[in-house]
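Going in written order, the chains are labelled A, B, C and D, and every chain counts its residues from 1.
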Amino acid sequence: MSGDKKELCGVFGIWGHGEAANLAYLGLYGQQHRGQESAGITSTDGRQLYTHRAMGLVADIFSREHLEKLPGSAAIGHVRYATSGHSDLQSAQPIPVGCWRGQVAVAHNGNLVNAVELRKHLERRGAIFAGSSDSEVFVHLMAKNSDPSWETALIATLSQVRGAYSLVVLTPQQLLAVRDPLGYRPLILGDLDGSPIVCSESCALNLIGARFVREVLPGELLVIDDRGVTSRRPFVEHTSAHCIFEFIYFARPDSFMFGESVHRVRRSLGRELAIEAPAEADMVVPVPDSGVWAAMGYAAESGIPFEMGLIRNHYVGRTFIEPESSIRDFGVKIKLNPVREVIGGKRLVVIDDSIVRGTTSRKLVRLLKSAGAAEVHLRISAPPTRWPCYYGIDIPTRSELIAARLSVDEIRAYIGADSLGYLSLEGLMKCVHPREHHFCKACFDGAYRQEGEPAADERHREASGAARAASRESDLMAPVRT
Amino acid sequence: MSGDKKELCGVFGIWGHGEAANLAYLGLYGQQHRGQESAGITSTDGRQLYTHRAMGLVADIFSREHLEKLPGSAAIGHVRYATSGHSDLQSAQPIPVGCWRGQVAVAHNGNLVNAVELRKHLERRGAIFAGSSDSEVFVHLMAKNSDPSWETALIATLSQVRGAYSLVVLTPQQLLAVRDPLGYRPLILGDLDGSPIVCSESCALNLIGARFVREVLPGELLVIDDRGVTSRRPFVEHTSAHCIFEFIYFARPDSFMFGESVHRVRRSLGRELAIEAPAEADMVVPVPDSGVWAAMGYAAESGIPFEMGLIRNHYVGRTFIEPESSIRDFGVKIKLNPVREVIGGKRLVVIDDSIVRGTTSRKLVRLLKSAGAAEVHLRISAPPTRWPCYYGIDIPTRSELIAARLSVDEIRAYIGADSLGYLSLEGLMKCVHPREHHFCKACFDGAYRQEGEPAADERHREASGAARAASRESDLMAPVRT
Amino acid sequence: MSGDKKELCGVFGIWGHGEAANLAYLGLYGQQHRGQESAGITSTDGRQLYTHRAMGLVADIFSREHLEKLPGSAAIGHVRYATSGHSDLQSAQPIPVGCWRGQVAVAHNGNLVNAVELRKHLERRGAIFAGSSDSEVFVHLMAKNSDPSWETALIATLSQVRGAYSLVVLTPQQLLAVRDPLGYRPLILGDLDGSPIVCSESCALNLIGARFVREVLPGELLVIDDRGVTSRRPFVEHTSAHCIFEFIYFARPDSFMFGESVHRVRRSLGRELAIEAPAEADMVVPVPDSGVWAAMGYAAESGIPFEMGLIRNHYVGRTFIEPESSIRDFGVKIKLNPVREVIGGKRLVVIDDSIVRGTTSRKLVRLLKSAGAAEVHLRISAPPTRWPCYYGIDIPTRSELIAARLSVDEIRAYIGADSLGYLSLEGLMKCVHPREHHFCKACFDGAYRQEGEPAADERHREASGAARAASRESDLMAPVRT
Amino acid sequence: MSGDKKELCGVFGIWGHGEAANLAYLGLYGQQHRGQESAGITSTDGRQLYTHRAMGLVADIFSREHLEKLPGSAAIGHVRYATSGHSDLQSAQPIPVGCWRGQVAVAHNGNLVNAVELRKHLERRGAIFAGSSDSEVFVHLMAKNSDPSWETALIATLSQVRGAYSLVVLTPQQLLAVRDPLGYRPLILGDLDGSPIVCSESCALNLIGARFVREVLPGELLVIDDRGVTSRRPFVEHTSAHCIFEFIYFARPDSFMFGESVHRVRRSLGRELAIEAPAEADMVVPVPDSGVWAAMGYAAESGIPFEMGLIRNHYVGRTFIEPESSIRDFGVKIKLNPVREVIGGKRLVVIDDSIVRGTTSRKLVRLLKSAGAAEVHLRISAPPTRWPCYYGIDIPTRSELIAARLSVDEIRAYIGADSLGYLSLEGLMKCVHPREHHFCKACFDGAYRQEGEPAADERHREASGAARAASRESDLMAPVRT
């Protein structure tokens, strides 16, 4: 994806290892792609909790000195990209608090659908909130619960929240890990020489030499303490609603989740896209890094050669100082360099994973053309993104989503591509293998699985719009019209 | 005082000034002596609150960039020295939170006697606490209150807390300032060109060119908004219990509080000490900076010349790296330099304001002697500190207080002075002018004004000890016995 | 290349642009791959020079505030990786000094063969050196010259130095840019709306929207001032000796240098390698990022599918904290993640650009095998590196170069690959197109172009060794022997 | 002194102690008052030199980690306040360089009269200068010398420089310490358990528990190595020219230099001032910290009580953010707080050590009056500063010196004091005890001891002006004229 969307959060937890904080640090580093805004670790030595949180990248935030101040044999950690726009330390996680049961820290990947409502309810009963993250809601609900067991309090809490969550909870006595009943976000169970580990993506296990055990099941609660890992299934079982976008864009290609290897799905998307949206072109060019695997699939299927016509700049800092005599398409250029010698005079099939607002794609097409591309045929390895996400992905409101407002051909005209093609929803679904796994694809079809999303009203209001969108569904290709 | 005790907190608030945050910054800088561990400012533009808090000194924490991110015409601020030993950002103030009434920030100077009890009560009802400071209790109680007015909620809150507090509360609509009914801690009302200001010490007003209006009364609540300053007296009136230690040590000498100028009281202490505990000596040497004024009084009364035989090093950083081949009395030396040429061969009356654990005084005496002092007659401008403080001063537990364990002569022997003399409690009280002002002197006599201090039990347990201490009260001098 | 070698330096210069420092900053950012240790910019307003240098990445070092303190319409910049191991600010460039002609600043990419000798000579005449970089030699020689013109002084200076240099020199009146007579390092001339630019790689031009004009010629001196760009050719012309390693590894693939596009050469290397060193395998896997293009060439030629079986981690910080219970092959793992699902059970042709000490390759092979690779056939897109480089590339001494000590089969055994194949020197040279361009390939064959390299003696001493190496040249493949 | 002038530099050296760098750090900390802009330490382990330099205070610059990277048993250090206005790291000291004899580092307190001339001479011979400090001249001259011994080279170097210097030079084999033949700046020899120490002020010895041995003599060179301390007197002996301003303002009162204890001299100045320039007043108020001792002398002599009517703020940061609605006399207020209760309605004799430009004194008088002072009688414990200093004190040019332009009464009128009195030069000299010590008092009388000061011409030009100044010398008092 070339820029408009943001990665979300990653969690990590380990119990019973002498270097818990160090391993959490590496486990977060291995999941850095899930959030670069802030990071934090809470450890425990069985008596109390120790926390260090800061803004920035894992490798910059934690020095050896910081890790030494996180003693004990258990730890949880979190990397975060703020979805709410409140980018402050106050909202960094884990969130450590004291309450009547003692100390507890929570780290959360996901988004609650009824957070605002719960927050209001809690506030009416006197709760105070330090930051703006949904995650504070969990600790409030647990604290309000009167059962002496954290485990019971957590179960009661989860029965009140609706939405997506993969949650790790640390107390001096226990590590609790739970995944929402629909399994929106991934959560993996691993093992390092007998020490249980939970993490958002399996790639975190590889880095520290830990073994992949299995995925935590949707609705499963793991109670991890010195007696080992106990599995509980306190919730009514549902058909799962895994976030299909993890496959399309978020997850690291070397991760395994939802019963599949990410890179394999991503490559299938490309193959399918080549079948559905072929192009007359000289080369297939991915928008790196996320588009690489789909592009390889597209190239393999179409027989058009794969070329690295765009190079990603990996030294990008957080803010970049642009000259006043502003440079055309600066924002894209600072990240992507077209390889003029490769693409000059050539007809390109450019593979990206989504178009959000359209502005970045527009700049990208312009950049490629000014670097000499003869034609730019943009192919998206997913259907048009027409609906916002209420489960943790930072997709803007419908009014900002270009595909909610414009037809595919209008989008093509706006971004200036010679042709534009999306993958169909059917094509997308062919690339994943349901068995027990079912997916949330509401960002494409508006078919949200849970009642009561904030969008409910909006959806009804926009019913006719949705109908129009649906009618356009058959028209996913916008070829050149001259 | 030569080292064992720590300064506490200072607060500041301003309403209706275009440069509210800048003035808060200077107002905190002018009260930096009240707390050097962390500082913070919350401002409001009438819509929301903006906060910046960090560990360190005011001048280091706030850059122009930080101040620019604190917009609006009202602000409160806080400087802090942690009394609880938890020295972390989490406990820095102001504490900004959201609750059902909206946003609110609280900054607090003092200590609640029933904080632990209230905290437990709140926790049992589901409250969560982010840090360890008493001040969070205020925001919880206010949030729990169901009256729509912050003012009413604050009054209800204060009726539940016992202890010392000078409190400033900021919402987008109001600045509330309140002082506990016994008036333990100071709180001053000032005015800058029509903008009301509240602050812990009047010296903060001088720096920014503001006018001293009056002291906020014990139990008085000031409601400050665009209509001006409204005074409310919602509490039963009590005889005041001003902290006598503010005069002895904490306050800056150029401040005015409790109806007196600090330096005048401090000098009287020295005069009275000279009468009660005379010494045969060649010069009066203060332990700078706090002992200077009492030493001037002692010199004036005794006729013994005042000399700056000790110089304070003002570049002291937070931590100092000591050589492994450790330097004798390093901790004192890094702060105080004896002027060998002044004190060499001389008999010194050294004026300090207190002896806490005795270790620093012991090092100091040794330092002076090794710099050539012939005799060191230590005189303390206050009675022996025999009881802990529950109102915001960081006096250690009784078992650590040397005067709670040892007689004056035993103390003298421990610290190695040639003689040791304390001011009597009667002498101390002569130096302040009651009128409507009454003082808490529990750290000297154990006569706590409020019921239910955590010490109650301890006091009963130690009744015999207290009796012993009292019996020793008549023996405040420990001359040389050879 | 998977780790042992380090990138070197990049330079940038611009004259006559209102945002000279800002553009230098972006020009350095675009060349960040040439050096990540320190960076610096010197600007001039026609009166004096202004410099900011620091350790770290361009995007971290320069804030808007720093750039504002670099006024004027001309600037030079430098990114650096220390070759000497002295990693300190003292050696960061540009080096600004004052001398009898006034102020001057120098930024240098390359390495002088006779630096030690010149330095000793200068020292014997009283010169002092602040740092350890060769680049100080230039300013000393210029300062010693008695001609009033910087241009003349520079020419005289260059007649005394031997080695590789692409040099930019800034005074308040002029920007001088020069490339050594053999043209070891690249230097490009560009243009931004009439403002001349010089830089190490053309990719810097693309970022700022500047136009590629041409390569600065070997031995050409450009005098740039308000009258424009004047070309001088003060040196005897030689056959060029471009560093072949720029093509193999250093340069960014989207750069154009030595008359070729980098990625095109790199891909040819892969094709040629496939012909010379074929492998029975299931997939071609590049060591990213540098091995990608050669791997694509290898795959195309061999028909074996290209696969991204290794993913590079792009969030690597400067130092990484390893757990005490050390993780096997930590150093490689923190940078490269094998995609288990891709390579599991597969026979891999792994494409890298060089083997230096062999330790990293050994770890990489182990990592791939432990991730399930059935066979690892390592193919190197260059001949064995047997000789040190005296022209700016950080190749260690012969004793550390594994290929100088061991036969190809011994190397294969050491690193644990199932087979190992290098490209022949003849094969390498087929991929570049001489015409007027000739190359230095001394790191492969020891045939240094310049007399008097420090290695001269070493070479004679090791003549027999070289003979042995040459005899092994025919044996570049080491297939599995079981 | 209330603000216009700046402290200068301090040096430290130690040989043969296992914790050389740590002790240098403390030795610099103890001399922090001599320079707060930058600090640095160079150590040696007998093989090479190690240096850490940075902008800021000693306690902020050096962490334990930094000190650990300064190994070896010998070290020199430097604290600096830039006199030239170039406040950059480049000019921080010690200055470590390499030259033909090997590595050497130099730290310098003082100022060379012929630095510009020497610099030009060196530049004409090809020398390059990295920074703007005079101290680079030393290393250049030593490097140019062809004698193999550093000792000889230093002697030859010193025969070429004119001016004030107390210099420490470190090589891996030796510590050289030398004081200029006129002994402008202090230099002390101390001893810590057999390890020789040199430092600018004796107070540095006290902190680390070292013994004061003696002052290094004017023109004496100490050669310190593993064989001990060897004294050499390579220069023609002169009558000394100690800087009288060290006594008046610079030195710390607990230091001993020029055969006297600083505080004793300073107090005598006050006594003498009371005799020469009496005042009808209620109290004597020092401008802290430097005016305290003279004020005590004035009070003792006059019988007028000493009062701390001004309190110095010791938390001043480097830069202070002033509100836009600027606060009257902000610059003085941020440093000094008048104690309103002390001075209100009172007639003050305010004791300061100098008036430079007059602007700060003017603000101070205004501040005191606005705080209620009835009358302000300013008394300066030195004669009017009428001439610039060429020996290391940052006194501005004549045109900026108020006493060079205006009569005492005109100055009084400008600063708004009710009366103004200076000490006469004769009075000043009565307070120091010549014996073998003679003083430079050129800043008062223009009688520079050395030929060829840059001021020579200026002095001749201003001869009549000087005559006028001299004639005014008899008129050092400016009483109120109404």
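Simple rule for what comes next: a residue touches a chain if its C-beta (ideal position, glycine included) is under 8 Å from a C-beta of that chain, and two chains touch if they have at least 3 such contacts.
None of these values were measured; they are calculated from a predicted model.
J.: Count of steps on the shortest touching-chain route from subunit B to subunit C?
T.: Steps on the shortest route: 2.
J.: What is the chain whose Cα centroid lies farthest from the Cα centroid of subunit A?
T.: D
J.: Provide the C-alpha centroid distance between subunit A and subunit B, rounded to the nearest whole angstrom.
T.: 50
J.: State, to the nearest whole Å, the distance from the C-alpha centre of subunit A to the C-alpha centre of subunit D.
T.: Taking the average C-alpha coordinate of subunit A and of subunit D, the gap between them is 62 Å.
J.: Distance-wise, how many Å sit between the C-alpha centres of subunit A and subunit C, to the nearest whole number?
T.: That pair's centroid distance is 37 Å.
J.: At least two other chains touched by the same residue of subunit B: list those residues.
T.: Counting only residues that touch two or more other chains, subunit B contributes none.
J.: Given the complex with subunit C, which residues does subunit A contribute to the contact?
T.: 18-19, 22-23, 25-26, 29-30, 32-33, 36, 57-60, 62-64, 67, 203, 206-209, 252-254, 256, 261, 263-264, 289, 292-293, 296, 300, 305-308, 311, 313-318, 320-321, 323-325, 327-328, 333-334, 337-342, 371
J.: Which part of subunit B faces subunit A closely enough to touch in the complex?
T.: These residues of subunit B touch subunit A: 89, 96-100, 120, 123-130, 132, 139-140, 143-145.
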